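Below you'll find the structure I mean.
Chain IDs A, B and C follow the sequence of writing; residue 1 opens each chain.
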Amino acid sequence: MNDITRIGNEPFGGYYKPKDRPVDDELSRVGPGTPCGEYLRRFWHPVMMSERIGDRPLLLRVLGEDLVLFRDLSGDVGLVHKHCSHRGMSLEFGIVGKHGIRCAYHGWCFASSGQIMETPGESPRSVLKERIFHGAYPAVEYKGLVFAYFGPPETKPAFPRLDMMELSDNEMVPWQIHSPCNWLQVSENSMDPYHTPFLHTRMSGVQFEEAWGELPVVDFHERDLGYFYTNARRSGDNIWVRIHDHLLPNFSQNGALYERGEVVRYFGRSSLTRWVTPIDDTNTYVIAWRNLNAMDDPDRRARRDEIGWESVDFYGQSAHRPDPQRLSNPGDWDAWVGQGPINSHAREHLGGTDQGVRLLRNALRKGIRDLQRGIEPVRPEGSSGGPVPTFAGDTIVRVPRGTGDDRKLILETSRRVAEAYVNHQHLPDAERRAAITRDLEPLNVVA
Amino acid sequence: MNDITRIGNEPFGGYYKPKDRPVDDELSRVGPGTPCGEYLRRFWHPVMMSERIGDRPLLLRVLGEDLVLFRDLSGDVGLVHKHCSHRGMSLEFGIVGKHGIRCAYHGWCFASSGQIMETPGESPRSVLKERIFHGAYPAVEYKGLVFAYFGPPETKPAFPRLDMMELSDNEMVPWQIHSPCNWLQVSENSMDPYHTPFLHTRMSGVQFEEAWGELPVVDFHERDLGYFYTNARRSGDNIWVRIHDHLLPNFSQNGALYERGEVVRYFGRSSLTRWVTPIDDTNTYVIAWRNLNAMDDPDRRARRDEIGWESVDFYGQSAHRPDPQRLSNPGDWDAWVGQGPINSHAREHLGGTDQGVRLLRNALRKGIRDLQRGIEPVRPEGSSGGPVPTFAGDTIVRVPRGTGDDRKLILETSRRVAEAYVNHQHLPDAERRAAITRDLEPLNVVA
Amino acid sequence: MNDITRIGNEPFGGYYKPKDRPVDDELSRVGPGTPCGEYLRRFWHPVMMSERIGDRPLLLRVLGEDLVLFRDLSGDVGLVHKHCSHRGMSLEFGIVGKHGIRCAYHGWCFASSGQIMETPGESPRSVLKERIFHGAYPAVEYKGLVFAYFGPPETKPAFPRLDMMELSDNEMVPWQIHSPCNWLQVSENSMDPYHTPFLHTRMSGVQFEEAWGELPVVDFHERDLGYFYTNARRSGDNIWVRIHDHLLPNFSQNGALYERGEVVRYFGRSSLTRWVTPIDDTNTYVIAWRNLNAMDDPDRRARRDEIGWESVDFYGQSAHRPDPQRLSNPGDWDAWVGQGPINSHAREHLGGTDQGVRLLRNALRKGIRDLQRGIEPVRPEGSSGGPVPTFAGDTIVRVPRGTGDDRKLILETSRRVAEAYVNHQHLPDAERRAAITRDLEPLNVVA
């Protein structure tokens, strides 16, 4: 009856548009044994803000697994499977001890390692507690966030050590926000600098800086751990080069939140050090630090008291806005949640501006498939005694508009900046800053 | 062990009654590609009251599809697929323009036809916007209701033109009410005149008129577009013939709401012009007009301010009643919702009084199967310059009880009425009324 | 890549623990046609407290079936399938008559047996009401509880007649509480005397008696209808022997709620006569009587006004506690609900103290499999003119600690008690009590 080969690319052709659009399972499913779930399990992920752990064990869900997080009386955190290894009662009801947690039903006691310390009703001759372990994951607390590793013990990487974590005169303030959608939608948003002029500026008013309304000159750079990209704009006589990190699979850093590109400076650092942790296939946490320091926010515009659980001090990052406001002036949270529980890539039509999204998906797919063939991914462990260098932040140089193609001038300038960043990435912080400044100062055109 | 051939038709035989009763998928499923969904997609359906469309796009679901309905700044309505063709953000967040709607994420702009007007971040050389269309459906606004057509563009019928829409001195007031059940249950209720004496009158008190408590004399008449039936009763010395329309698949019209059969009159018209629009398999909207005019409601008993969103001015049509009242005095809404999310025909036992339900199911099944063989259904498009004639309404003639079988006398009289209606159906309204009156006046027996 | 043969019994080995743990369908699924559902349908089960049946029919769900329970105007209870046999409207809207219930849609009237008494719209010649029955189950009201039988009519057992139901000077007060989990978790708790020292005493404080904190000496005894077990402790110079009944599949009786073992007495009786009735696979009712009498509660500590719908007068039996209190001081309800909607036996590790749980599962499995081979289960019908003897209750004898192994002494004493109970089980109540006392008095060691 109908021409089933038509695909609806015609006026009022909704009838012919494919409706049952599949989900990209390879990149979207995060549960145990799934390709992406296995890949994600090779990395440390933050799972909870420390301040949320009180006297009682805390139920949480990460990568599709139900878990109980607790702090024992010695102050250490433990992360174990939800249901007791004995008869399955939830350890959410467990009693925290000096070391480990005890099930309320029959008193079995588990160390944070999963070792069974006591099975008090059983005969002294019972070997139950020697024969089995309760499911547990290594957990580390660092600057107000609890991180955990969910992969095979024998491939556990060192705890991630990033240069931003060791920056002097910088306060790292934890925050964590839930999104009811797949993790990839949240991660892709950070590899998409082209949404900024539209979503954040032109569509329903300026959410950050008016200068963001101009279409940026974007340039992607690959590195062993993922990508960084330059996102450059003209700002009067200046060229403002903003850098963004994306380490695989789910880590990103932005430039400064309150930069306008008006004052020349070199090697500003990131305002956000951020992970996107999957809760399950259709729920996700952003878990991050806001970096507060005088260098990147000299006017102290950050609002420290808005940073924390389900809240951060910049526009549109959570569900907690009145619906009419969210609908008429949507933010990042609305964009990724608005793609649905799991976005279908089959219904998308990517353009030239979706280069970052394409790069991220391809890199994830490669990492997932490599792992299936036995090739373990590179992890941000640091090396040669130093932390992993990251690049995110802002550099502003005075390069007025010339007589040629200004977008070409901006691109060339941004490449000079990237080159300086890459060349000096392994120097200690102060020397690194000095070397970058030395390289970039000559770019300035004196009036 | 047990006799599996028994079917529970014995005292206390619940054990043997089949429990896993299948649903009639052929008539119940309305999603894209289903037999009934395809058939329903050959007709225009109302989808929303105009007054519900404000400044913001409105999310809605019809026939299992997620859609966004909006009114652009030129005043036209548009109905498009929910997720943007670019990266899939919900167009519920879209910004309405002079013509069309613009996605908030990256600014792509879609005309109501689905044509992509702009992809503003893309290179001027991009041909994306020429290559694809966004999914869209033709939508028409008429007397306070938005109608849409969800089928193949090449088989789009003319907008339905029914005589009731063009009645003079008649006010059509839109209303729309949700039911959490399959569309067929709601539609069947209108083809079942035998529930009236029970549900509406004898069971828990008179919901409409006391005269409805008598078992009516019912006679079904087939027509090209579906059915009409006479539903006749004695009212003192009068015979009151009430006519009901059912055009396939989901359209019906009733007689007057406030008639008692006490005064002789001819060719009264319908108080309700009504569609049953599936939201999905287990949710349905009744979307209709209440017809208000002096002819059918001379005492002006209609309550205009109760007619609208989730409300109408007669008994038992919505969820919005206290549970104890709904349970002790159920109305139509409770009857069809009380059949469950999708009624199982396999657990029913139809009797002689279910003739209308049988006719409707058979006609739908025939239409569905014909379409599968390439035979398009007849649609209410009007012809020969005139609108589609409908028959619903009341005629009362003075025919006192005779010495013979009174139900036979009522049936004969109702057939004379139907005959007059059919004979003059194609005349313009005033002439039609005069001709019917001329034919029926001789039926009256002078005292 | 990973060693898939590992099972996670190692420190921080959560990754290797099997995650997708199957449910024991054979013991957990209760719907029509399932192995366990068929087995459970061979027994009478309480379904509702009488006091919940008011003027209107009551919707309820038992063994995965949707039903309507009503009391007709003659005072009898009826239990029928929810949806009318005619067009499927819910009989929750039905009108109760002198005998039976009438559907609100078209007035069909059903007797409690399912017989169709009237199809009032149909022709007098219609044989519909002779040809079919509505699905119905036999229901009996007894001491404030409605019981029903859901199995094949031809294998219907006599109504259960237990000695506790006929005890003189005993008030049986009905109660009923919902749990959102599988029935087996609730039932197993009663066959697990070892949770008492932990959950109820040592873990978060004394919920019943401090003496319960000592690990009991437990001894299981099989009988034709299931099990009883002794649960014995030292209490100063006394040995306190507590007996618990478990009749297959889902019936249990406890000892006294307020016993401390301080005063010598013989053949105390049960404080709870209790069934665990499945609503469906993941919802369960405890439906029971609290037995109030002077013998077992001489100080009248019971709180009669707390016993009823969703409430009983002892610790931790319902959802109705503040979350912080439930989490920090969980009770039985929290233990079985905390095992999840359906506990997975595959993730458990049973020890020596789980003997009762093992016995119950094995006995259920045997009963289920026997039935599949055509062997009907034994039911508690009583015999030889007398009721079914049960044993639950407390006996305290004065047997001070000797020079040998005290737990061995306690076990031997408990076996003497069990022997006396079994030997005289078929005597009428007063004679039985006298005979048991006569047998047990010589156990006392005079100071």
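Quick notes on this one:
In the analysis below, contacts are C-beta pairs under 8 Å (C-beta built on N, C-alpha and C of every residue); 3 or more make two chains touch, one makes a residue touch a chain.
Owing to the predicted nature of the structure, the values given are computational and were not obtained by experimental measurement.
Simply put, chain A must spin 120° to overlay its Cα atoms on chain B, rounded in steps of 5. In the contact between chain A and chain C, the residue numbers used by both copies make up under half of all numbers at that interface. Separating the CA-averaged centres of chain A and chain C is a span of 51 Å.
Touching two or more other chains at once is no residue of chain C. Only residues 31-33, 41, 56, 65, 80-81, 83, 85-90, 92-93, 95, 102, 104-107, 113-115, 119-123, 126, 128, 131-133, 135-138, 150-153, 371-372, 374 of chain B touch chain A when the two sit together in their complex. Interface residues of chain A facing chain B in the complex, by the touch rule stated above, are 1-2, 8-17, 19-20, 194-195, 197-199, 202-204, 215, 324, 326-328, 330, 334-335, 338-340, 343-344, 347-354, 357.
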